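Shown below is the structure under consideration.
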Amino acid sequence: MTAATQRPAPPRWTGERRGAIGVVLLVAMVWSISGLDVTLDRLLGAPSDAWAILRQMVPPAFARVAARGAVGKVFESVYIAWIGTVIGALLSLPLAFMAAHNVAPIWIRVPIRQLFNAIRAVPELILAVILIPITGLGPWAGTLAIGIHSIGTLGKWATESIESIDSGPIEAVDSTGGRWVSSMRWAVFPQVMSTISSYWLFRFEINVRASAVLGMIGAGGVGSELVSHLVFRDFPAASAVLALTVGMVLTIDTVSAAVRRRIITGGVGGDDSSRSAEALSDLTGINHR
Amino acid sequence: MIRLEDVSVTYPGGVEALRGIDLTIGDGEFVVIVGLSGAGKSTLLRVLNGLVPATSGSVVVDGTEVVGASAATLRQVRSRIGMIFQTFNLVNRTSVLNNVLMGRLSVVPAWRSTLGLWPAEDREAAMAALERVGIVDKAYVRASNLSGGQQQRVGIARALAQEPGLMLADEPVAALDPVTSRQVMGDLQKINRELGITTLVNLHFLDLAKEYGRRLIGLRDGEMIFDGDIANVDDDTFRDIYGRSITDEDLLAMGDSPTDGSEGG
Amino acid sequence: MTPTPGQSTRPERPRLRARTVGIAAALMAFSIFAAREVGFDPSTFWEVWSNPLWEKFWPIPWDWVFDSGNVLQPFVETFQIATISTILGCGLALPVGFAMSSLTTPNRPTYLVSRAVMNVVRAVPDLFWAKLMVTAIGIGAFAGAWALTIFSLAVMVKLFSETVDGADPGPLEAARAAGGRHAPSLRTGILPTVFPDYVAHALYVFELNVRASVVLGLVGAGGIGRVLEAQRQFFRFDRVLGMLVIIFVVVWVIEQVSVSLRKRLI
């Protein structure tokens, strides 16, 4: 508390920087809207259009869509997601062992990592677009699309969990004169299996949504029902299909999250508690600490 | 029989871990290696089974040259050398028996071990190894549920399951409390005497070294400072090896607070 | 305590628990059933290679792809959709996200209602929103922007409210203790702490939106997907492949930029 302390000037440029960001956002908005061919009456009309449709959606025509087999279509979406996840899991697991830098030589891991990246970049829907001419319309196209796309993310996640293991047991296997396969099977696999299987379940949750969407282009599942009702502007039926889908998605999310929690806490070791947070941060690329 | 001739190890980055080591160890010996951390103790053990490749010189274990050996030869050599680690190096998430069975990997065909179809005689070898270290009752328990001392015994059993002619122990008691440390050292001594397995143990504690060792090797900055009968070792010898006077921390008995007490009972 | 060698006896090999066997059998049975239901057909894996359609994928007509009107313009539209919906969705997510965290919610009913509504909104897949909007307000990018705004809001509030949940409540308590009203207290007590995360999440949502807006066109909601769908219907798979390559590169670049920006923020 000496008298010599002066009041400092506020740091320069803070206000200017904020202003600049604001201008950038504003320009971005104007530029974006300019491309959407929005007219004033469309903009003002949209909420009332949406509201009108929303009113027509109540009450949902459950009995009518059930009679058409919508429930079966909902289950078909689950089957597609499940088999797609199984395909992705089975194909990605061995690949992940060849992609992790602590267990695989560079000549194999670099191409496999790039394969994962390439697969991740192509959405399921686009894969299905390419596959449909080959497999024909139907659930198998959707299943394959989901299976292939899942290899990318599941492979990446599995690689990362292999890379975070304790390397001691690998050294132990090496010191007994074991082969590479043996050290993968007995030193690495037991360490990563619970984490990886919880990733599989997590991916299944995502795939359930994806498989619902795939139906919209004819690749099996509930999406086709929604599209056909919306095309005929049968809004009570559409809302019933929507409600069934939402119910299915929420149920699977809840059950799967509970199972994942059990898998993770069933494992031993203090570092496990953070694994589900890790899964989320892997998905988002953001660290939630 | 182990023979090292002018063995040097330089790590990538230029650190010289070992310089010109000449050493012969006969069958059935119990050798204790002491030195400060960074003196090259761990490197010396790992040069013997090729986990660390020697930069120059010759390492011959039971008539096989390890330096520059092919992968298959190295596996062959390693299958006859058991190794015990400071941090146990167990797979925590699987059973004790599975950990011990890892000692049989070099003799079981890869497809059988990969599928977990261990032959009966290999299961028997693993069980017998567990019996020898006195924890066969824990065979089906998860390794993580064991105390530190028990975990190190599993590590010893895994090495014994290899039916090795040579046992390398890299600071086997550094993570254990004094009482457990003595038990583990006693196990190693018994194995050496009863099975005639040549045993090399890295130790930090001087009193343990004197208590259990017969032959002592002193390393300092990668060079061999002392090699001889432990009976001829006195405080001056240790001063040479450590480059300073002995402190309480160098003695297990005096250090009431164990280095890292992870032993539960 | 620790047994001495020779004292302990061999244990029985534990039998597999009935529950474990049951779960494994049930999963197996479900997988087999589901595989039959989806028409599982492993022959596709090798038949794929001999499919005559592959010839239609090659060679990529690069002059067509780089002709500005064909791909570039719809791609700009895709970006416009992604940009406006990220800005709107993330802007709305700020108040809604605060309402959805127990730390910052104004009152319990708001908390419960906002969580329930947002859970349901998030359970609707993004392209369902797009199709709904296309039906409600007509084909085009406008509908796509609406759909992605809703979708971004749903994703963003989840990420953001979780960040707020984990924030240090101390400053907020101090602001309230000083007699601040609800909104100003949040502004001074919480927002500075969570703002870097907020921006990072927003960048992530932008990334998601670019990916999603690529496929919006398949259901008539504008952007590059519209061209993709049209070329597919003409069986111009070479053009489809060329566009996929462009999409791949652009999405990859955006991801790299976004990831490195996010790393710097957190």
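Descriptive notes on the structure:
Letters A, B and C name the chains as they come in the text, with residue numbers starting at 1 for each one.
Methods note: contacts are C-beta pairs under 8 Å (C-beta built on N, C-alpha and C of every residue); 3 or more make two chains touch, one makes a residue touch a chain.
Keep in mind the model is a prediction, meaning the values are calculated, not measured.
Chains A-C form the pair with the most C-beta pairs in contact. Set against the C-alpha centre of subunit A, every other chain centre is closer than that of B.
Remark: subunit A and subunit B have CA centroids separated by 47 Å (rounded to whole angstrom).
Separating the centre of subunit A from that of subunit C, both taken as means of CA atoms, is a distance of 6 Å. The mean-CA centres of subunit B and subunit C are about 51 angstrom from one another, to the nearest whole unit. Within subunit A, contacts with two or more other chains are made by no residue at all. Residues 30-31, 33-35, 37-41, 44, 47-48, 51, 53, 76-77, 79-81, 83-84, 87, 119-120, 123-128, 131-133, 135-138, 140-142, 145-146, 159, 162-163, 166, 197, 200-201, 204, 211, 214-215, 218-219, 222, 228-229, 232, 235, 237, 240, 244, 247-248, 251-252, 258-259, 262, 266 of subunit C touch subunit A in their complex.
Interface residues of subunit A facing subunit B in the complex, by the touch rule stated above, are 166, 168-169, 171-179, 181-182, 185-187, 190-191, 193-194, 267-269.
Those residues of subunit B lying in contact with subunit C across their complex are 127, 131-140, 147, 149-150, 180, 183, 187, 190, 265. Contact residues of subunit B toward subunit A in the complex are 49, 51, 74-83, 85, 87-94, 98, 101-103, 105-106, 110, 113-114, 142, 144-145, 155, 158-159, 162, 168.
For subunit A in complex with subunit C, the residues that touch the partner chain are 25, 28-29, 31-38, 42, 45-46, 49-50, 53, 75-76, 78-80, 82-83, 86, 117-118, 121-123, 125-126, 129-130, 133-135, 138-140, 142-144, 209-210, 212-213, 216-217, 220, 223, 226-227, 230, 233, 238, 242, 245-246, 249-250, 253, 284-288.
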